[in-house]
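The letters A, B, C and D name the chains in turn, as written, and every chain counts its residues from 1.
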Amino acid sequence: MSEQIGTGEMERDSRLQLITQGEWAGWSMWRSDAFEQRAGPFYEKFEGGEGITAFRAGQEHMNGGGFMHGGCLMTFADSALFTIARPAMEGSFGVTMNLSGDFLDSARVGEFVEARGQITRAAKSIVFVRGLVTADDRPVLSFTGIIKKVGRR
Amino acid sequence: MSEQIGTGEMERDSRLQLITQGEWAGWSMWRSDAFEQRAGPFYEKFEGGEGITAFRAGQEHMNGGGFMHGGCLMTFADSALFTIARPAMEGSFGVTMNLSGDFLDSARVGEFVEARGQITRAAKSIVFVRGLVTADDRPVLSFTGIIKKVGRR
Amino acid sequence: MSEQIGTGEMERDSRLQLITQGEWAGWSMWRSDAFEQRAGPFYEKFEGGEGITAFRAGQEHMNGGGFMHGGCLMTFADSALFTIARPAMEGSFGVTMNLSGDFLDSARVGEFVEARGQITRAAKSIVFVRGLVTADDRPVLSFTGIIKKVGRR
Amino acid sequence: MSEQIGTGEMERDSRLQLITQGEWAGWSMWRSDAFEQRAGPFYEKFEGGEGITAFRAGQEHMNGGGFMHGGCLMTFADSALFTIARPAMEGSFGVTMNLSGDFLDSARVGEFVEARGQITRAAKSIVFVRGLVTADDRPVLSFTGIIKKVGRR
């Protein structure tokens, strides 16, 4: 099954499970990543070619002070990095080379946490991305990342 | 109970549990952080005033490709940031303002993952840190971070 | 003399010289900064509250290979950081705490180099910014920066 | 003429001028980089395989407040990045992919500004570096950088 991404099409990865009911109806969820399952799960969807990643903040995402753990936000940003970069990956796998985040504000239990961004440059073997994570539309993390393409699926 | 940290002493936080047996005998573990418990747990100890953080890589820390998830490494780095900065925190709480990582290599299941670093500047309300995460002594993440002190314990 | 910035007004700093003729008519230029005069000069203006910084790439900005020196781009980004942050500075001086850049492409002699961005968070004593530098509208540097407010003018 | 770098030898680049007299006797200076000449000049030497970069802070490096301009420090860091990375470049040219700096303190006129660092990872086409800039031995900038190798000399 393929889906429209950017100006082209991409084969839907079988590890992506399309959710059809409940709060996440219309979103897809990755099932193969051990750490990400424990940290999230995180959901993604494409709107007009733009990759959006999201999850609902729960108690399990917080630190001792009742705010979202910085590592949770960075794990989410790492996931969002690949969703945003999808249109430029051209069927290749990728590894994160660099991930950097400015922590703007805290996210709290119950908030809708979402990441949107842009590919700032898609080179032959490197993809540069920047993005913003919001909690109930309030900016909480400003991030940049660099992905190195490694081989093809 | 107090412990010797840097050139002074610091009250041992009751949320730090000293481990007395097994692989982690002599290390301490934080018990209060929900997300960190799921991501780790992570262990810390001080050697000659230098804060060291560590954990043993397990299957639960990996991504779909069998390598340590970037978000797991950043969560660990965020934890290590505070351990390294401890001597400069002077009893204050802190929040991460910025965390940035260069991913040098992958960490694999079974490897001993450790973070060591330095406080590059301890200012009145800001602490700058840099560190290196190794897996079986092989560098896997080079990171920098900025902590803002917020109030006192 | 005051000017409309964002939703408020700000006293025009006397070190800002308004250019009235030639290519830079309508832009302002800083006259007080020794290093910036040698690296630039750089010009700024506000359009609808948004701070824009620019300069024309000359031979003096290039490196040995004929491309714009990375340090020149970072010097320009540091300048743009403060222009973008102006609406949040509220009459305070500021110092750069962190500046980070992804080099996307090269800028060449003769190109119009411009920086636009956003304040991602304006806190009481800290301002977070991100921006994009383009050369003839082509993205060349994606940057983030953190400014610490220090005292008042 | 070749010189001992790290565990191997490297042909001395003819654009590197060895200084034989005065304050910089024993150091080398790059002559080919237009912007760097205006920003610096910067000097380099190798001690036991470790690349060190330095310059003496002058009035021309300062900003309006009398402190070293952030862009000057980043230009110097960009230069130091390549000096530190030299042993891993293996005769290839390189371009900066990412440069990030934490500004720890100010450098003042007359101070001896020096950068030392390490290659955190030397991969086939990417070199990761981190370093510290000091002014009269006082840390002023903590930086990380990523270089992409591009072709051979």
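Note that in this section a contact is a pair of C-beta atoms (placed from the backbone, for glycine too) under 8 Å apart; a residue touches a chain by one contact, two chains touch by 3 or more.
All of these numbers come straight from a predicted model, not from anything done at the bench.
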Practice problem: For the pairs A-D and A-B, output the one whose chains share more C-beta pairs in contact. | Solution: A-B
Exercise. Determine the centre-to-centre distance between chain A and chain D, using the mean Cα coordinates as centres, and give it in whole Å.
Key: 36
Self-check item: chain A and chain B: spacing of chain centres that average the CA atoms, whole Å
Solution: 25
Quiz prompt | Shared-contact residues (touching 2 or more other chains) in chain B | solution = 97-98, 100, 102, 146
Self-check item: Arrangement of touching chains [line / ring / star / complete / other]
Solution: complete
Quiz item: chain C touches which residues of chain D in the complex?
Solution: 15, 30, 32-36, 38-39, 59-65, 67-72, 74-79, 93, 95-103, 106
Self-check item: Contact footprint of chain D on chain B as seen in their complex
Solution: 100, 102, 104-105, 120-121, 128, 130, 132, 139, 142, 144, 146
Quiz item: For chain A, which residues count as touching chain D in their complex?
Solution: 97-98, 100, 126, 146, 148
